[in-house]
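Structures for review follow.
First chain A sits with chain B, and in the next complex the same chain sits with chain C.
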Partner chain A sequence: MNQADVTKLMSQLRIAVRPNKRHLKNADGPEGRLLKLRKTVTALVKHERIELFYNRADEARGYAELLISNAIRHGDRHQATMELADYWLLEKQLVHKLFKVLVPRYENYNVSYTRMYKAPREYPGIYYRRSVLELRGNPYPSLAADQSQNRNLLHNVLLDEARKEFRRQKLSELVH
Partner chain B sequence: MNLSTRVMLNRLTQQCAYKRIVTFSTKTAEHVIENKEEQKKAAPPTTPTPPVNRKPIIPANYRFVYPEFLLDPKVEWRNLVREKLERLDMLDRRKQIDLPEFYVGSVLAVTSSDPHAAGKTSRFVGICINRDRCGLRARFILRNVIDHQGMEVVYELYDPTILKIEVLRLEKRLDDSLFYLRDALPEYSTFDENMEAEPLEEGAPVPVNDIKVMLRPRPWLERWERQNLRGVANIDEYLKDKHRLSSAKVQKPWEKYDMMKDYRSSIPEEEQTEIFAEVHTELHALELQRKRNKRKRTFIKPKQLA
Partner chain C sequence: MSAATKLHKTSWCALRQLQQYRTKANFSGSSASIAKRNDLFNQEQRRQRDAVGRIDKIEVRYLGLPEDVTLVMNGNISTPFNCAQHLSEGHCKRSALALIDGSVPWDMHRPLQESCTLQLLNFHVSEPHVVNKAFWRTCSFMLGAALNRAFKPEANLQLHSFPGPNIKSGSFVHDIVLQTQNWEPAKEEMRALSAEMVKLAAQDLRIERLDVQQDLAQEMFKDSKYKSEQLPSIAQQTNGRVTLYRLGDHIDISRGPMVASTSFLGKCVISAAHKVAEEGPSGAFYRIQGVALPSGFQLNHVAFGVLEERSKKPSPARLPNEPFEEQQQLQLS
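Presenting the complex of A and B:
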């Protein structure tokens, strides 16, 4: 019943995992659900940033994270991991990308490999939450606003004061 | 008299004041430390410095031997404080009684106190057909056939009424649970009550018994044909086409690719090491104690002749 399954050993994910899966309404049942998620994971690995409904993105995110973490853990000489990659990546050239591009990129990460943002909903339109799912370290410009130039940030205030003091000193030296 | 006491008092106050007011740092100055380091560097390295934080080396098989120490895989039922306290209780219980390593498929003898039995204790020998639940509630089911009647007893591993658990035959089977023994011929779950323990070599891997049992004809308790059992030999004899079709319909070949399902039903490695690091030293000490006891028991004092 509720004793942990010890046959499989996995790395801990750095994202919040829901206790239960979402069923993602599908006419083909659980197999259709997995096909839906396979398409999403394939698109994520291919494009590195995708916009989609929140629920589907959140479900696919765990699979993408585990795929990458298993690839890092076992490498490309591991039969089971290769089968997993073959199943989850519908376009087979992406298997090479997984092992040759993503694994070296994420080997030394100590944060999650993917990132999720809330995206605005269309109005009027389908009233589902939308989100943006992306791989970290992608080549696109960042989606999060750059706050480092905000003049009210403490370090900016301190830098300003330091600059002012430096100028005052220079002026006093010129006068004397 | 008066004067001398005053002087003494003054001195005392002076001393105290002197001691209390510290106008310099009590830490050693930086240049002193640097000098010391230089001296160390100059001296030839005689012995390699031991690593500061030595992590306990946790054996890789601990998760198979002590699965009940791991967290509850069902997150809603998890309570970290309760589980930590339970782990302490489990260790305390293990200090009182030897709870040996065993698996589904091992043959055990459990002696427990029973107010209704003659002599107030009862001993049951049987094959372990299932292990479930975690923490203090961990339990296992023993099965045996006694007087042509199949008997099963559910024991809780940490039940205080259990007096002794002996492993008579330590082995694994091909399947994770052996409920199909209920529908198998009785000889596959018949074990002699006076069976002797079969010792296993120390450090040897636990053998897997690849015996395939013969099922008896229908009706069965469960639809075994749907469960992909590896330990059943003759299931095809009893299947008609309708059974084959229906069992093909309920197969889930995609489940082995469902990584999140596996992730949710297991405990990730980091959490496992955290838990076992907490209990490792005590479990290891208990194991050593058990080994010592075993050696003591095997030693037979020679009889004095003449």
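Presenting the complex of A and C:
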């Protein structure tokens, strides 16, 4: 019982990783495949929202999560983390962005740092699933419609009436 | 490609045959009258389509996304759905209701009569009152169809009517008459009714509208005691015309408008059945209530639970055993 909790020794991913085959084969072998993923992670950190094929986004997402979470855990004085950042970020000015912009942004997050949406396929075009991968807290307008502000939407009308009725009931209980 | 299409075609044919077989097997008593009603509906629909004669072209000015355009359509044949087909697949799937000349709500599958402006409404527009109301009315109508499918012939179910949509009351309503005076539905029975609603939604049935003369409506509903009692007073208000709606093989009287298809029903719960009054020696009026959200609306299950609880309270709408005309005079005065 005095053993260290092994799960605390490394960063835990905040996303579910499904054991699906990603089919990311490459003509240059594993190195070529990794280079593609490094390009994707670099583009994600640089642009904060990218649209790409679903499988590549799904695979790159895990590496981006791990990179940010290690950067938060160990800071920029940790050699292993620095090497990791140097490997995944092909443009070296993004290493500064990672430690000076993304780490302060995500320090107090308790959800995942990235978000993934399914995107529509082009027709006619290549029939692969597409997706949008983004960093949370990015400066762009939200992709999901906000359904809470418009009080005329059906569910908001129902909820408002339920709230009014609840208050009326509480008030009448107070009076009696 | 062609092999896949062929396979699809054969399985579809088999399904169609199975459906026909099932409907044939079910024909007896009330099913025969439903078949008769559908035959009359089909005949009248065909007659109205043939009566159009020479085709006039009308100009429909579409206002909205992606851009305002003018479409040249066929008068008394083209529907707002056909206009949406010229725009995109997304417009066809999302549009629940059309708005003519900026003010008149119009069913998606009702032919346009003359040149007009057209807006297509979905549930996410900034002012969704009209389409919400149509949705609530459609829910009541679908509940009638679900009840018809759920009850056995021995229960002797008779649909009475459904009052106008009132979203703020928290529940949509359908009033029925059953040949029992002490039906207290179990949880499983209510769940079965909800499942029927979900099945209807999954079938993606088109909701058709038809205006008919009063005597034809009388002929169609001669087996239904309550409907044939209601028809004269309804026809009196609308110059002898009665508006009918059809969903699958279920036909009912309603003023409309309704949403384009049953697939717009998302989350749905039939929550309560209240006994309203006794009817005759062994029957009784029951009021069935439920709550639903359009498809694509995501709501936390706790919040939906609150709505579900509230929808169980007896609805304040007009009761089926109260006289129809007196209520109207009260409203007028």
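In this section, the second predicted complex is superposed on the first by the 134 of 176 C-alpha atoms of A that agree within 3 Å, B and C clash if a C-alpha of one lies under 4 Å from a C-alpha of the other, contacts with A are read in each partner's own complex, and residues count from 1 in each chain.
Heads up, the rule we're going with is that contacts are C-beta pairs under 8 Å (C-beta built on N, C-alpha and C of every residue); 3 or more make two chains touch, one makes a residue touch a chain.
All figures in this text were calculated on a predicted structure; none of them were measured in a lab.
Asks: Which holds for A:143: it touches chain B only (first), chain C only (second), both, or neither?
Replies: neither
Asks: Which touches a greater number of chain A residues, chain B or chain C?
Replies: B
Asks: Does chain B (first) or chain C (second) touch A:171, or do both, or does neither?
Replies: A:171: touches no partner chain.
Asks: Give one of first, second, both or neither to describe whether A:10 is in contact with chain B, with chain C, with both, or with none.
Replies: first
Asks: Touch check for A:152: first (chain B), second (chain C), both, or neither?
Replies: Second partner only.
Asks: Applying the document's definition of touch, where does A:162 land relative to chain B and chain C: first, second, both, or neither?
Replies: Only chain C; A:162 stays clear of chain B.
Asks: Of the partners chain B and chain C, which touch A:111 in the superposed model: first, second, both, neither?
Replies: Touch partners of A:111: none, neither chain B nor chain C.
Asks: Show me the residue ranges of chain C that touch chain A in the complex, using the header's touch definition.
Replies: That would be residues 123-124, 126-129, 132, 135, 167-170, 291, 293-294, 297-299, 303, 306-307, 310 of chain C.
Asks: Could you pull out which chain A residues touch chain B in their complex?
Replies: Against chain B, chain A makes touches at 1-13, 17, 19-21, 30-31, 34, 59, 62-63, 66-67, 70, 83-84, 87-88.
Asks: List the residues on chain A that touch chain C in their complex, please.
Replies: Those in contact with chain C are residues 145, 147, 150, 152-155, 157-159, 161-162, 165.
Asks: Could you pull out which chain B residues touch chain A in their complex?
Replies: 63-64, 67-68, 70-77, 131-134, 138, 252, 254, 257-272
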